[in-house]
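Multiple structures follow.
Below, subunit A partners subunit B and then partners subunit C, in two separate complexes.
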Partner chain A sequence: MMFLNNTYNEFIKIAAKPRSYIGLIALTVLISVIILAMKADGSTYISFVTASFEQTLSFSGDIMNGNLIAFIILQMLIVHIPLLVALVTGDLISGEANMGTIRMLASKPISRTQIVLSKFLAGALYTLLLTVWLGFLSLYVARWIFGTGDLMVLTSDGLIIHPESDVEWRYLYGFLTAYLSLLTVSTLSICLSAFAENSIGPIVSTMAIIIFFTIIGTMDVTVFDAIKPYLFTTHMAAWRSYFEDPVPWDAINESIRILIYHNVILIGIALYQFNRKDITS
Partner chain B sequence: MRQLFLILSLVFVSSISLAQQSKTLNAVVVKLNSVKDYTVNARVVAAVPMIKIKEVNAVLYFKQKDKFKIDAKGIAVLPKQGFIELNKFLTNTSKYMAIESTGKVIGGVSTLMVTVIPTDESTDIILAKLWIDSKKSLILASQLTTKSSGVMTTNYTYTDQAQFGLPSTIVFEIDVKRFKMPKSVAANIHQTDKQDDSKKDKQGKITVYLTGYKVNKGISDNIFK
Partner chain C sequence: MEPGPIIQVNSISKSFGSFQAVKDVSFHVNTGDVFGFLGPNGAGKSTTIRCLLSLIKPNTGEIKLFGETFASNRSMILSKIGSIIEKPDFYKYLSAERNLEIFARISGARVSKKQIHEMLDFVGLNGREKHRVKGFSHGMKQRLGIAQTLLHQPDVIILDEPTTGLDPQGIIEIRNLILRLKTEQNKTILLSSHQLSEIELIANRMVIINKGKTLIEGDVSELLNQQEVIIVLQVDQVEKTLSIIQDKFPNASATIITQDQIELTLQKNQTSELNRELNNADIAVSALEPKRKLEDFFIKIIGS
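So, the complex of A and B:
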């Protein structure tokens, strides 16, 4: 019960910070801009995708629909959302140290392990809120504006056109997997937060790690081939795999496993660090 | 002497083409012109390399002279040319010359091959080869070479609307060697092997099954807007 109360308190703390709303506002503005741009000149964007086919083929039907807009938005934003997550979660432990409230927190009748876990849980709730908001704006608002229809997806193997009836579950699983990816970012930043005494360090470090791993992952150099499969950034795009045909379930399961391993290990490191952290000085 | 031979050759070819147009191709054109408008349900099955798409149902609308609309439930992949372009091209008999020769056997029917060469350079069609069932005046196969889309082979089968020259199945074979995927496309994270484009299929096939023709029943122009 104490653990749940503490988690609730942690979430209230997140809700009380103005910076927590930056993510929601940024998502709203960005998605609105993308939707407006697509409404104004979406056909040009589509012709870029279909240009190589249109010399011989024509695509009839409503290509520019809410399902495609949601896919475009997700593809554009999923890379940048980790910053919005880390902005809040990177502050959860180090912020307490910075403000000097960490000693008061540790004096509560709750173990340090539970303190850290409740912060993880509050961070996970905030990340869930961001993901749900992203899903609501990108999918439902886009469908409301553009209507629904078949989904055209461009992959490295070519074009895949999913019937409208076959799209809903792909988005559901896609958002769940995207949430797991963002949760890993949240866990990483909280873990780094356990080592820091100020807010900026964990936030910047989280982004630096993501950028570093992403660059390694995209470099076509054989030296990195051995470590690429174990970098969490490699698996952050796993949500796209639900839109392939056939769906590579084994590869998705592998991605989910690796992301879960990262979460468990990072929580473990944070617990170890916070439990031996000197908060008296 | 060479000039005389050239002139005689041209006269000979011209006389052949005019004679052939008046017989086989003209009979086909007359049949095609008898269709003022039609509506038909279409089931489109596309097997095109680099495109994965399930069957799509659509309704096709046509009205003379060149109004055509595809109303698809969902996204349908169709050849850029092929539904009305050939008919539109053939009906203007003054803009091409035709040469007949012996054709191949298609579905047990001995065909007559008509090579159609446009005399108007502005047309997109460079060359058309038609395999015609001369007894029924039906085009059983065609091969169009166009400036914009390369070579496209089409096979036609006919059932209940043969008297109008309207097919029940159209099979488009498309040259897909021009397809190039943008490099900027997000990489497939699960793809480790480099793909060899040369090993990929080069022929795409789009089959359109046409049922429930409503011919010459009248169609409002508003449908095409």
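So, the complex of A and C:
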């Protein structure tokens, strides 16, 4: 009961901070800009992709529909959303330490473990809200404006066209997996927040780790080959795999496992650190 | 509540690295006490209070509240305690009412909005319910802190330096609030303060600690022998005054401190008689000031 009460408190605190709305506003603005740009000159953009196939394939019907726009938006934004997540979640513990309210919380009949777990749950709910908002704007608003249709996806194996009836479940699973990736970012920033006394440190550190791991992941150097499969950043694009044909279920399951392991380990580290943290000074 | 010790601190010690903040501190607080917790800066008061609130664990010794230890029943103990540790910190971006709602929700008791408003009224913050704490003065935050401690109707209130950083008006306001807690709500209060006059006015029992050790514990009236008063007299004829005191009040002890001032200790009920004798002897008394006894007592104990 105390845990749920405190989770509710955490959500009230998140809702009261102006920075919590930056992510929602930024997504709205960015997606609106992309949709407007596509509406104005989307065919030129699409022709860059289709040009190389036009000698061998003929495209009929409306390729540029809401499903394709959603895919383009996701590709463009999913890299930047971790910053919007960390902006809020990186402050959840360190912000309390900075304000001194953590002492007030700790002198109440709630354990430190419950305090930290409430913050993780509130962070997870906030991340879910961002993901749902991203999904709503990119998929449903785009479909409303551009209509629906078959989805054309360019993968490493070539051009794949998914029939309209075969798209919905791919997006559902894709968003769920993207949510798990963003949840890992949220968990990482809350974990770093348990070590810090200010808000900026965990936010910057989270982004630094993501950039560092992404660089390692993309460098074609054999020395990193052994660790690449275990970096969470390697699996952050797992959502795209649902749009391949056939769907590489084994690779997706492996990505989900790695991301879940990361979440469990990061929560464990945060609990260990917060339970031994000197919160009295 | 049953009478008897509600807080028992038995030989606790706490070190931070090589620095020993508390060594062998013991005291007890009875139900209904207003207990003064005194000591100079660095004496170990805040460390002891943090142990009492389970914010840190003592290395050795035992703390029992309501007959239980934190190891056996932390939640029950903390649900019956309200506390302010030095300065109360709140969520600046939230209103006073919202802050109280947040702390009430994890206090272990059901607190209605009406009770929150009543509590804000009790501490003199009515009309400020919807104001963000960001704009509150230090005194207002302290009063909000006291509201926060009382919300869940705790049996014990622990106040660590509640008047730190307040202006004289703020100190008086907080002191009056504590007095009201004692008289109107009959709470057990443990009060750590540098304001010795505050302790002397409102505490019935006290402990003095220094360098992490208990120096003395007991009833304030017994320790200070409140049947006696210390008075500083300012007169125009010091020698004649001294001779009258020695003649009429043989039990009083008097010392000349300056060429027109005498400090004397005598029975409380002899003060007016002394004034009358001096008037009859045509001695002009320009000042007759009672001196705070706790200050002297504190300095004597710490010095020894």
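We adopt the following convention: the second predicted complex is superposed on the first by the 280 of 281 C-alpha atoms of A that agree within 3 Å, B and C clash if a C-alpha of one lies under 4 Å from a C-alpha of the other, contacts with A are read in each partner's own complex, and residues count from 1 in each chain.
The definition used in the following text is that contacts are C-beta pairs under 8 Å (C-beta built on N, C-alpha and C of every residue); 3 or more make two chains touch, one makes a residue touch a chain.
Keep in mind that this is a model prediction, so the values were computed, not measured.
Novice: Touch check for A:Arg240: first (subunit B), second (subunit C), both, or neither?
Specialist: A:Arg240 contacts subunit B only, not subunit C.
Novice: Looking at the overlay, what does A:Tyr8 touch: subunit B (first), subunit C (second), both, or neither?
Specialist: The answer is second: A:Tyr8 touches subunit C but not subunit B.
Novice: Looking at A:Ile63 after the superposition, I want to know if it touches subunit B, subunit C, both of them or none. Which is it: first, second, both, neither?
Specialist: First partner only.
Novice: Between subunit B (first) and subunit C (second), which does A:Gln75 come into contact with in this model arrangement: first, second, both, or neither?
Specialist: In the superposition, A:Gln75 touches subunit B alone.
Novice: A:Ser32 contacts which: subunit B (first), subunit C (second), both, neither?
Specialist: neither
Novice: Once the structures are superposed on A, label A:Ser43 by its partner contacts, choosing first (subunit B), second (subunit C), both or neither.
Specialist: neither
Novice: If we overlay the two complexes on their shared chain A, which of subunit B and subunit C does A:Ile160 touch? Say first, second, both or neither.
Specialist: After superposing on A, A:Ile160 lies in contact with subunit B but is clear of subunit C.
Novice: Using the superposition described at the top, determine whether subunit B or subunit C touches more residues of subunit A.
Specialist: B
Novice: For the complex, which residues does subunit A have touching subunit C?
Specialist: 2, 5-6, 8-9, 12-13, 16-18, 99-101, 103-111, 278-280
Novice: Per the contact definition, I'd like the list of subunit B residues that touch subunit A in the complex.
Specialist: Residues in contact with subunit A: 48-54, 56, 58, 70, 72-80, 148-150, 152, 174-176, 178-182, 185-191, 195, 204.
Novice: Please name which positions on subunit C make contact with subunit A in the complex.
Specialist: Listed in rising order, the residues of subunit C that touch subunit A are 46, 50, 53-56, 74-79, 81, 83, 85, 87-94, 98, 102-103, 105-108, 148.
Novice: So in the complex, which bits of subunit A are touching subunit B?
Specialist: Touching subunit B from subunit A are residues 48-49, 52-63, 75, 149-150, 152, 154-161, 163-164, 218, 234-235, 237-238, 240-241, 244-245, 248, 251, 255.
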